[in-house]
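Two complexes, one shared chain (chain A), two partners (chain B, chain C).
Moving on, here comes the complex of A and B:
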């Protein structure tokens, strides 16, 4: 359990050592990244078996919290830390695509992403968040086209704006409570952050971290970056990075800001995200941007789910988030060779029958067709919304269903094109073997989830119950109030 | 007005100026400078949370603890924040240089227009126009000219 810090440290060290290793042996440099990610995945998985349903806090350097930095390990944190290691391993730039720079950045993303998932300290979250942000600017310009640089600077400005706002939010929280340890904040929040200052801090942090989570007003970077970056990078950003930001927002919401106003704000922003995302996806005319806008819509549903207080909302939101984490990278990998206009996809099924079949499978699940996991996730969201019985929550449910109608329209439009007779001008290209293999693997995972639905749902419900258990968090970290010498 | 209130007002003012530069100026360099101002304002706000009127620096000399000292934690935190902000600004300037080399302008509106055109060119699409409609289902009857 103590070796979990390796999830953060090992990829970071290897990333910085890669250029040195490369001088001695190119082959060693090329394989050390996947090897490290394999090791961290293994460490995470063995810790998962060991952890059971408990929660542990690791004190770094032996300093006691609240002043010392802690890693908080519960099922939620560990699940996403493993997802980061495994996800970056799957989406690794194999075959030396993009060279050393890509490998270094991907490793940095793995290390800082795990740190973001595991951190139990608000300032540490800020630091890891900035690390993830800087790495994603680097990944976004991998193709080095003028459009990619322009998209990246626009992304950097929005993201930097968000980071400065979250820093101001952190300042407000420290001003009110005198601590940044999440467990101690959870203790103090009902008394000290239950006012206008606390609410402003929440808004600042939500907007700040929401940039990465594709939250409604700060997501203008999404279509630009996903259209100009290689699809492997889009898959990483849409699949992993956005989910890490979602986890951070969930933690803050549960531990520090359980006020009804915070939930209402999240609900409204989520509704706007679904509406704008799905409408824009409906209008988009190339596959990468359809996927980018639909990703905004899906994350909107996640935020709508989190706005339902208590275990039900967290359960539904996590189901949506994990479902999206599984299928969006696969869809982006399929879009690698299909990145032209939608009209150019006519007859694509002929050139790549397996790719088209997988696209249909993922589209159906994205839409929420019954036996597939996407249906159950959306059903959970809708039932939890219906149980709230308030007008705004009903609006959320209606908007989600409206979004599904739009999704059905634009996804089936694409599928219909794919299975049309190919034009005489030539068919769109088939898929790369690696992209197809990884998508098939994710597709197999999706189908396996259909058969393992009951145990998976039970486990996920357990995770949700643990996530909303504030007392367990406080007890596991057990912050000892420091003697204030001032 | 005491010193603390004045400095808090200054921090918020810096953030406001920075945000205004980001939102109102369409010039890429000014936006990067606005970002720098915004980040400085946020850092100042953070370090001010440990401010106490008339207190000394949190340094213990020869075992003598000062009677009143400012909170050292935000000072340690803000050091990290400043370093991060510096790194991001350097990266931003690098990207600005790249964009300027490619497009020859700092105007955000122009950069955005050309980026959109590049993206559409690469996807083999016409630039979207305001009366754009989604393409019809394959096989469905074509909309009449001028219907929309």
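Moving on, here comes the complex of A and C:
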């Protein structure tokens, strides 16, 4: 269990050593990245088996909080840490695509992403979050096209602005409580942060971290970045990075800001995200942008779900987030050869029958068509919203459904085009073998999930229950009671 | 393994077989046999046609404390019988010559047959649903299976299928919202929980549920005002597929409506839910929707000149009769509405097949390009004749019985306005089916069709078998009424007392055996006189006179374009296309909103925008 720090450290160290290794052997450099990620995935998986339904906190270097750095490991954190390792392993730039730079950046992303998932205090969260941001600028411009640079500059501005805001939020919290340890904050929040300052801190943090989580209104970088980056990178950003930010927001919401105002704000922003994303996707002209806008919509649903207080909302939101984590990378990989105008996709199914079939499968699950997993996730969201009974929550449910109608239309317009007869002037290209293999694997996972629905749902419900259990978090970290904050 | 398991397994097997081997030449025949086997599995559950039997399936799922299960009762059995029957006849029709022709045009036979099998399977799953969740799963399966069969033929068909899909998803969302609301109220997806909760619900909640469920199911039935998708989508479906869809597909909406609104909510509540400031209640609302569904689409059908669209628009209109009959909810009316489901399936399938047969031989279904085919395709003519007599609701066919029951019930229950509406609808039907048979089979044969032959046996036999069913169930309506009274008992409607020939009342009932025998005797006597005198003389079809002048062979005396000019001159200004206008306005609105949102995401000054965002967010905090 103690070796979990390797999930963070090993990729980071390897990333910095990669140029050195490359000096001695290019082959070793090329394979050390996947090897490290494989190792970290194994470490994570074995820790998962050990952990069971418990939670532990790891004090780095033996320093106890609030002085020392704390990693908090519960099922939620570990699940996403494993997802980071495994996800980057799947989306690794194999075949030396992009050279050493890409490999280094991807390893950095794996290390900092795991750190983000596992961190137990706000300061580390901020540090890892910044690291992830810097790495993603680098990844986004890896094609080095003018459009990519233009998009990245905008991303940089928005993301930097967000970072400044979250730092301001953290400062406000520190000002009120004198600590940044999440467990301590959870203890102190009911009396110290339940006021205007606390709520302001939440708003600043939400907007700041929301940049990566594709939260409306700070998600305007999304379509351009996803369209201009290599689709492998878009898959990483849309699939993994956004989910890490979502997990951070979830932690903040559960531990520090359980106020009804915070939930309302999240609900409203989620609704606006679904509306703007799905509506914008309706007229998008190329597949990557369609996927980008739909991703905004899907994350909007996640936020709507998290706005339902208690276990039901967390359960539903996690189901949606994990579903999206599985689906979106696969869709982006399929879009690798299918970018450019949608009209160019006419007859694409002929050239790549398996790719088109997978696209249909993922689209159906994205829409939430039973019996695919996406349906059950959406059903959870909708039932938890209806349970709340308030008008605003019903609005959320109606907007989600409206989004589905739009989504069905624009996704199946594309699919209909793919299955038309190919035009005489050149057929659209087939898929790369690797992209196809990975998305087939994800598709197989999706179908397997249909058969394992009941155990998966029970496990996820357990995770949700653990996540909302604030006392467990506090007891696991067991901080020294702070006597004199500031 | 219960009998229901056998049925579902056989149906799944058909789908798997057609998917795996749909391209071999005999695939259609084998699939037809598999549908027949499904029919046998239904026969094993025969008891449901006559009593309150229920067959459970041994399949069930437990998820998050909810159990999903599947079962058949009399209601499911009746609809399943029609579904499997429609699948059987459509598959038969699509097996011989039609299949070769379809493949020769470059289409995939495997796709067609597997889409048909998937449709049958998904409908059976829907019919077997034992709780709201399995109902929704079945509902979605049916929607997507229909989408598949509608869209597979051509790019144009896919366009119409897309339109259907948008409507269907919107409808499904309404249903899902209803289900979720029921779950919020009762904590369960069971039918029994809903039925138990209904008495405690306020009228407001119930209205909301009624609109959500009714709206959702109404989309599938293509009730006015959500009727626009159906006709074109069905018309562009490959012939036997259109026959299948037209016969049963949109009836799934009626099934679900009977299940949820009539069985679980019940007539007592519906009548108690009055609409403020009017004299109407929830049941009247449904009835008036039904009547408008009868009238508008039927008169739209009148203006069509593509035979398939003409029929498909009727399909929309006839749904109104079924719904109207069912929502009267007395013994006569509901029996009439339900019997109309069966009757309509038999002749609509046959009519679509006969039009397909014409297309198969002549290559067109344009009513302005046909005529006089009775001499070349007499068997197809007989099928169409029987079909339109049924569709128009005239004796001796079965359509007469169901419409008679509905009319009689409307009169008996004191609903004169609805009755008038129904009669107006029937008038439109009679006018347009006459146009159909006149423009295709009567009049003068066109030169290019002089060598047309009768359709092959693989196509005429299923049509003639259906014609026999239409005639025989018209002669002995008691056969179908037996099933319907079992159904009525199972959903809690008053049961119709009947006998083999019809119904008996003190002041004159309906005995089809007597009526039909008389009719046949009359025709026989007429025929005897006609043929025994030997005065008749055969003339060539071009041997014509007009205004005392002989018409030479190069002047054809068959008018088909601008049919019913006088009538259309009168009612023409009523065709306003308001619904289509509303639909396109909605699409334009979405387009405009979409552009606006894209503008939002494309803005070039992110810093100012972010600043504004933060200012708004923080001032929101201050206001709280």
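Remarks
Heads up, the rule we're going with is that the second predicted complex is superposed on the first by the 481 of 486 C-alpha atoms of A that agree within 3 Å, B and C clash if a C-alpha of one lies under 4 Å from a C-alpha of the other, contacts with A are read in each partner's own complex, and residues count from 1 in each chain.
Note that contacts are C-beta pairs under 8 Å (C-beta built on N, C-alpha and C of every residue); 3 or more make two chains touch, one makes a residue touch a chain.
In this text, all values refer to a predicted model and were calculated from it rather than measured experimentally.
Look at A:265: by the touch rule set out above, it reaches chain C but stays clear of chain B. Once the two complexes are overlaid on the shared chain, A:343 sits against chain B while remaining clear of chain C.
In the superposition on chain A, contact of A:48 is made with neither chain B nor chain C.
Contacts of A:416 after superposition on the shared chain: both chain B and chain C are touched. Of the two partner chains placed by the overlay, neither chain B nor chain C lies in contact with A:94. Comparing which residues of chain A touch chain B with which touch chain C, the overlap comprises 154, 157, 161, 165, 282-283, 413, 416, 420. Chain C contributes residues 61-64, 136-137, 140-141, 144, 151, 155, 158-159, 161-162, 165-166, 169-170, 173, 176-177, 180-181, 183-184, 590-591, 593-598, 600-603, 606-607, 609-610, 613-614, 617-618, 620-622, 624 to its touches with chain A in the complex. Across the interface of their complex, chain B is touched by residues 67, 123, 126-127, 130, 133-134, 137, 141, 145-147, 149-154, 156-157, 160-161, 163-165, 167-168, 170-172, 174-175, 178, 180, 224, 227-228, 282-283, 285-286, 288, 339-344, 346, 410, 413, 416-417, 420, 485-486 of chain A. By the touch rule above, chain A contacts chain C in their complex via residues 154, 157-158, 161, 165, 196, 199-200, 203-204, 207, 217-223, 261, 265, 275-277, 279-284, 293, 364, 367, 369-371, 375-376, 379-380, 382-383, 385-387, 389, 397-398, 401-402, 404-406, 408-409, 412-413, 416, 419-421, 453-454, 457, 461.
Listing the residues of chain B that touch chain A in their complex gives 15, 18-19, 22, 28, 31-32, 35, 38-39, 41-43, 45-46, 48-49, 52, 55, 65, 68-71, 73-74, 77, 80-81, 84-85, 87-88, 91-92, 95-96, 98-99, 102-103, 108, 111-112, 114-115, 118-119, 122-125, 128, 132, 134-135, 137-139.
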